[in-house]
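So, here come the structures, one by one.
Okay, so chain A shows up in both of these, paired with chain B first and chain C after.
This part shows the complex of A and B:
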């Protein structure tokens, strides 16, 4: 859901992800929630993130709402969306290369004075 | 109907750099606790707390949504500009076995503003509301948890104009205020932007009268 907010950056989305450590934990499978959130997902950006986090397996190049009827797809979408986390690493602005550190799973998106 | 459980203070973390849960925090959570069953029908899917501090409020929200007769699964976000607060929130969430809240360090909505447009169903905000000289608002440190500048409105007045953009059609705001912030005035001002409002809770604390402002869009019902 993050996009780069440095002043004058036009193409600040999606962030590139530099991984130091990924963590996984199980989350309850809730098809209703997945169906609700799907329209808000930018699929190419999501896929790019999943590739970086090593959980792309089984996710199609393109996705549309009809796939939400397929339990297999939902399970893989659920896993990549809700069970895999960037624990340590960076989010990198695709335009400027500015890195935002992620530590203990928390991204620090604060800007320097000359950036806002 | 039994009362729904909220976060426990003994499992809540903070230190000298993080705002300690106080009367304002508890009033906000009491209001949410009383209101929560309405979410069984409205089913909020994206909830965000601005200025999460110790994490007591967002943890309570996550727990409340879980306990509804049909549990509501939502995207939950907690944001604070203080790294110490973000870390305290993450610890408080963990102590309550809440794993579905994402914590982000940023000033106001920062990098989330663009992608969250029209998405936020529930926005929680316990702003720095204490009237102070304006300089104190920018002083940083723990003062930024309470220093609100002129009428205590400096930060509040930066957030209110973002509501029409951020909130979903059924989106609502719960915000802590004190009398000096002119809560009824805030409700009246937001009418122009298509919002209805009410004072959802009130409490006399040591030196301040606290009110929770609840705003929602004109067309939808409470």
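This part shows the complex of A and C:
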């Protein structure tokens, strides 16, 4: 959902992910929520993130809404989307290389004063 | 409407499609005490009795059978009745055709005799109601037990501006939060509103400009492990937030084409009585004096004051973009009797005002719970034109801190007390 918002950056999406530590915790499986969020997700960017976090397995190269009827797909989508977290690492702007640090699972997206 | 069409009355007639609907309302509603099927009412006991005698036998029959245990409770508004007085009244209802057994503990059915009597109660000034008796069958009662289990008194992680549990749950009701939805609190703080939304089954996201409150938490009870937002979710057995992000809503990193992704945005914007607003960038007067940035990775970004007017403009525009059509924005707007005007409540071409309810906090200061609903897709040109027509988002309430902490001399206090009668909170007497 995030993109680099430094002024004048044009190709700030998607962020590259630098992983130091990944964590997992169980999330409530909610098919209605997954069906809502699926069409709003940029699938290639999602896959790129999933590869970085090591949870790409079982996710197809291309996805469309008909797959939402498949329980197996929903479960894998649910896991990669909601149960795997970047605990420590960085989000890296693909244009400028600016790193936004992620610590304790929380990305720090505040800009320095020369960036805004 | 209640007898006499009095808008301040706590008793309202509603028409509902089914008993099931009434029970669903009872399960979620926190400000509705109970829903009663009225069998009769009157301004005197005799009128009530006549009305009850005229109530069709056939309408009573499903609830008066021999196998249905029941009890009658007396509830009052404006005055109190002793146990003996209550029993006397219940006995006077013996003409009703109940054939079942009276059972005081968990009866099958509960009936309510409501006595409204404000005549000898001077404290009710502006909320007094005419004398009235109502009798009926309780169809549903509000389940407020959720508030006890989420009481802030026992919550692990709290801050000075943590949202009271009851208000947080009411905010979620206003936003119609439920399972299957995605909710955002852009001023998450210690996560009180997130907890309430997660209780109702939504996936929740929190953002805040304050990294300390969001990430670091504080030492736990007895100096043990640190507690943070996550601790509160663990405490209540709720799934963790799907995301917590430190960002500035004024210069946010949400990708520009992201739209219609949230069902609810609920928040308490920073308004400077206890915690003032901040946005990115150095204060203009200090910009030249700050140390140059030598190492961007350890540099602490500067922040500058963020007026409430600017903050709300950003909040409404963000909501107009990110909410699904039909999704709701619920937030608190501070107000003082001197500065509030309905015309100042911020607007947006994609959002319709649904409710604007005052909660009186002190004589000088209240807050208004504003509910808006997105009514059409976001149109960037329309939003830009709307904002261009209102170049200065500053509001009178931006002076809130000064107004609340202004020193009044005795003469000014007296004058204020005389010119505006003391306003009272409603709903405390029932």
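Just so it is clear, the second predicted complex is superposed on the first by the 116 of 116 C-alpha atoms of A that agree within 3 Å, B and C clash if a C-alpha of one lies under 4 Å from a C-alpha of the other, contacts with A are read in each partner's own complex, and residues count from 1 in each chain.
By our rule, a residue touches a chain if its C-beta (ideal position, glycine included) is under 8 Å from a C-beta of that chain, and two chains touch if they have at least 3 such contacts.
In this text, all values refer to a predicted model and were calculated from it rather than measured experimentally.
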**Message:** Quick check on the superposition: with chain A as the shared anchor, is it clash or fit for chain B versus chain C?
**Reply:** clash
**Asked** Given the touch rule stated above, what does A:64 touch, chain B (first), chain C (second), both, or neither?
**Response** neither
**Message:** Of the two partners chain B and chain C, which one touches more residues belonging to chain A?
**Reply:** C
**Asked** Touch check for A:112: first (chain B), second (chain C), both, or neither?
**Response** second
**Prompt:** Counting only touches as set out at the top, which of chain B and chain C does A:32 meet: first, second, both, neither?
**Reply:** both
**chain B versus chain C as contact partner of A:13, first or second or both or neither** = both
**Request:** Name the residues of chain A shared by its contacts with chain B and its contacts with chain C.
**Result:** 1-5, 13, 25, 27-28, 30, 32-33, 36-37, 40, 82, 104-111, 116
**Item:** chain B-facing residues of chain A, complex
**Value:** 1-5, 12-13, 25, 27-28, 30, 32-33, 36-37, 40, 82, 104-111, 116
**Message:** Looking at the complex, which residues from chain A come into contact with chain C?
**Reply:** 1-5, 13, 25-28, 30, 32-33, 36-37, 40, 82, 98-101, 103-114, 116
**Asked** Which bits of chain B are touching chain A when the two form their complex?
**Response** 45, 73-75, 77, 81, 83, 86-87, 90, 99-100, 103-107, 110-116, 119
**Request:** Under the touch definition given earlier, write down the residues of chain C that touch chain A in their complex.
**Result:** 179-182, 201, 203, 209, 211, 214-215, 228, 239-240, 242, 244-248, 251-256, 258, 260-261, 263, 280-282, 287, 290, 293, 296-297, 299, 301-302
